[in-house]
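Across the two complexes that follow, subunit A remains constant while its partner is subunit B and subsequently subunit C.
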Partner chain A sequence: MGLSLGEKNYIKGGIADDLRCDGRRRLDYRSIAIDTGVIPQANGSARVRMGSTDVIASVKAELGKPSSYRHDCGKVSIFVDCSPTAAPMFEGRGGDELSTELSVALERCLLGGKSGSGAGIDLSSLKIVEGKMCWDLYIDGLVISSDGNLLDALGIAIKAALSNTGIPKVEAMPGTSAEEEPEIDISDDEFTRLDSSKVPIIVTLTKVGRHYVVDATIEEESQMSSAVSMSVNRQGDVCGLTKRGGAGLDPSIIIDMVSVAKHLSQQLIATVDSEIYAAEARESSA
Partner chain B sequence: MRDVNFAMTQTQKVRLKRALQCLRDCSVASSPVIVADTIPVNLEDNILKGHGTAELEGEVVATLCGAVERVNKLVLVRPFRARYKPEIGDIVVGRVIEVAPKRWRLDINFIQDAILMLSSMNLPDGIQRRRTAVDELNMRSIFEENDVICAEVRGSQNDGSLHLQARSQKYGKLEKGQLLSVSPYLVKRRKQHFHYLEQYGVDLILGCNGYIWVGAHSDGGGKNEDFEDLSAKLEDKMEVEVSPLAPHKEEASSVPLGTRENVCRLANAIRILSLLGFNISMELILDTVVASVTWNTTVRDMLGGEFYTRIAEREAERRSSKRATQV
Partner chain C sequence: MEYVSPEGLRLDGRRPLEMRQINAEIGVVVKADGSAVFEMGNTKVIAAVYGPREVQNRSQQLSDQALVRCEYSMANFSTGDRLRRPKGDRRSSEISLVIRQTMEACILTHLMPRSQIDIYVQVLQADGGTRSACINAATLALADAGIPMRDLITSCSAGYLVNTPLLDLNYVEDSAGGPDLTVGILAKMDKVTLLQMDAKLPMHIFEKVMQVAMEGCRAVAQYIREVLLENTKELEYRRGL
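Moving on to the complex of A and B:
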């Protein structure tokens, strides 16, 4: 993103004056629009638009084997892809770096450690037969148009997609011996809803100059010194934290940011929940 | 301007739908066609097939989506949405993408980059003379990469390249503001593309190429001073001593909050008009700004569903009343 010196100073000055280029204050979000069920083949999907940022998340559930150290839980993996329609620089392998960065940040914010403990998504609900079979959730994010704040948008999209996800009901026949694969019967029309209320939401605070802003546009992101992304759940607990950008931050600023993020997340969760609810209602009426 | 979606309530959606329907009813576009529509012509008249038409099975069909225009024997389709096509004398706003020998290359939203020759712009000192090698070496002190500048279309050369010129004080580098990008067909060619809105303290440049500059006013004299200052600095650039003008410049680069608010308000008005697909003219922008002030809409609420709907309704009302008076 090329900006002239005059524009850069103007953006920085606007953030210092608490009046950004599109008239927002530092802690204002752009309007968020959510659509659910946009991909019929997936178990759950959602599209989130914030200004010109446009992302899609889909959840695909497949049968798998639990990992050896968490045999009573399912597995979740997150992949993000940046479409070349978003920016010419994403063409070919150009988007790989950003894709990996976003995937890692999302995994860190929403999923727990390698073992799967401490995940924002309740993994034990994905169990079918302990130690033998479980659901693997593949969460795919796609960036269609990029105007900054991709991580927050993807976080909201994943939350909406998970609440939209229906996992087929499974009848497991107990196997005759311990080694044998259990026989299962997947129902075609009965689904259980995933509980997405515990899934945290991501709030990114981008530091430009001496102040930090929420929901930065791509122009503002080009002027950032560092950005801290916090995932906060409904209870106001911080579930994950990542920092981008090489410039250092004073620890007291991080503490300040955490409390601001906590405060903002509660409003955001309420907005997102009502938007998801409205989107689900639209989808079922359509 | 990329597509933006607003969160709207059900009533707002219904109101918007009604307003848009009303606007559609009022449209006066002369016989719009879509691709593969037959254009009714009298083939015995020896007509000439122009742009956007083709002959298929003895009939003239449109190859573009647009309005049919007839000039004597010529039949052509003027597309509704098209990329910017420069015409001589157009005022454009562009961004420098390369400083090349004796020229700058600019992005002006055309299918190719435009060229601004060092020889087709006034030198900072304002003296008319041949450009020397020294001038060529100092080109970056005039415009750098990524600078936003405004210029006039001079014409295309024999080799097909598009040339610009900036032979006046009003052209040149734009600072202290923001660049908006709208669809070029929304900006119509007018007598006046530079606007200084005294009551707001804002400069507005409606580039014919769909790039619009909204920025705090910088007066021509000041600009001149700036340039002089620059050239003076160039001469003294070997000196290590920091110029006493530096802190003064820093101060000058900040925009007062009131002006900034006006810039934002104008910018948001343009954004809304471009999203609604209305022609972006000075009168309509000012009207939108005045409406936002009288409705007590804050600058950030201008990019919301309510304001969007009200502006659509306002325009629908105006057009239908205009139509009623004509009938």
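Moving on to the complex of A and C:
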């Protein structure tokens, strides 16, 4: 990001004075626009725009085999792709580093630990036949335009896509022996909606100078010393934490950032839920 | 499968010489110099243009004209079966090359020496005719970026199934195994810049199918002109003219 010294000082000074370049206060979010059902052939999809940041998330459900140590659960995996339309540096393999960073951060925040505890999605609801067949959810994120705060935007898009997801109803034929592949009948028009009420959203606080801002633009992110991303669910529980950036932070500052993020998240969850509801209403009436 | 019914209707209810619904929008990616979304039926493509700007790789710099680069990528969710495509696989490279050569022919590159123009095309939904949709989107994005061009390039595909020339094939018709012809033309000059076909056709039928595809290209050009005119009116309005 090519910024002159004057521009850098303007950004830092503005943040110190609680007046950012676009007129927002430090803890104000940009307006969020959500559209659901944008990819008809996926099981669920959503597009989120925050300022100039534009991301699409899609959820596809495919039949798979449960893993050997968790017989009664399905599997979820998240892949993020940074399209070169967002920035020329994402051409070829240039976007791989950022894509991997975002994918791993999202998996950490939304999917819980290795044992599956604390996951935002109830994996046991994806089981079809215990030990033999389950639903594999593939969540794909695509960054079309980047103006900062990609992690938060992708988190909201994934939550909206999951609430838009319909898993086809499956009838498993009873009476098959333990060795055979079970026979199943997948319904074409009956779907069960995925329960996304426990899916957390991610709040990223970016530290610039001595203050932190929420929903940083790409210019503000270039001036950051460090950032803390936290995922919080509706109950106010912290589901995942990532600290990025080179500068060290005093532990008391991190505790403070966590409490600020928790406070902001409740408001954000309320906004996001109402936007998702409105988007679904628009989609069903269209 | 009955690709053309006895009443003359295709699988999606279209007539043989009927194109799918087209929809285009300019200025979708705010950060890019020019961008556009182009939809042909269920095929949806975003194109973004960055340039003219300084050449990133000095060794590729051309002293008398601009360097045009292009990358084509497909989203993981773009096709019916979710496929994890590696970047730089052969099909993507080939289509990137095709789009680059087609657009390079119409950009007035000699006006911008020692600079670089990047065209990035991202497929959001693929339902046949992605090559054509990409070229149409790239034309709109270049116009939005204000890059000087000789003419508008538009593209359309056509095929031949059940002894009928069909305009604008979708994915199912494309996979039927019949010939698939993609044509790109310079709209006003009425000259062909891109011509690709697979499978085989007798010469007299080939001429018929090509005429059908060119009619499709002209229809797309008409629509693109309308979209650009609307956009210019909008810009004039915003400037208070």
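Assume the second predicted complex is superposed on the first by the 283 of 286 C-alpha atoms of A that agree within 3 Å, B and C clash if a C-alpha of one lies under 4 Å from a C-alpha of the other, contacts with A are read in each partner's own complex, and residues count from 1 in each chain.
FYI, a residue touches a chain if its C-beta (ideal position, glycine included) is under 8 Å from a C-beta of that chain, and two chains touch if they have at least 3 such contacts.
The model shown is predicted, which means the values in this text are computed figures rather than measured ones.
Asks: A:Arg24 contacts which: subunit B (first), subunit C (second), both, neither?
Replies: A:Arg24: touches subunit B, not subunit C.
Asks: Touch check for A:Ala87: first (subunit B), second (subunit C), both, or neither?
Replies: It touches subunit C, and subunit B stays clear.
Asks: Touch test for A:Ser52: subunit B only (first), subunit C only (second), both, or neither?
Replies: both
Asks: Touching A:Tyr10 in the superposition: subunit B (first), subunit C (second), both, neither?
Replies: After superposition on chain A, A:Tyr10 lies in contact with subunit B alone.
Asks: Please indicate which partner A:Phe79 is in contact with in the superposed arrangement: first for subunit B, second for subunit C, both, or neither.
Replies: Touch status of A:Phe79: second partner only.
Asks: Regarding the shared-chain residue A:Glu62, is it in contact with subunit B (first), subunit C (second), both, or neither?
Replies: The second partner, subunit C, only.
Asks: Is A:Asp147 contacted by the first partner subunit B, the second partner subunit C, both or neither?
Replies: both
Asks: Hey, what residues of subunit A end up touching subunit B and subunit C alike?
Replies: Shared contact residues on subunit A (touching subunit B in one complex, subunit C in the other): 52, 145, 147.
Asks: If you look only at subunit A, which of its residues touch subunit C in the complex?
Replies: Its residues touching subunit C are 39-42, 45, 52, 54, 56, 58, 60, 62, 79, 81, 83-88, 91-93, 138, 140, 142, 144-147.
Asks: Give every residue of subunit B touching subunit A within the complex, in rising order.
Replies: Interface residues on subunit B, with respect to subunit A: 2-7, 95, 97, 144-148, 173-179, 215, 253-255, 257, 260-261, 264-265, 267-268, 271, 298-300, 302-305.
Asks: Spell out the residues on subunit A that touch subunit B in their complex, using ranges where they run on.
Replies: 2-7, 9-10, 13-14, 17, 19-25, 28, 30-33, 49, 51-52, 145, 147, 275
Asks: Mind pulling up the subunit C residues that touch subunit A in the complex?
Replies: 28-32, 35, 42, 46-48, 50, 56, 71, 73, 75-77, 79-80, 82, 84, 87-88, 118, 120-122, 124-125
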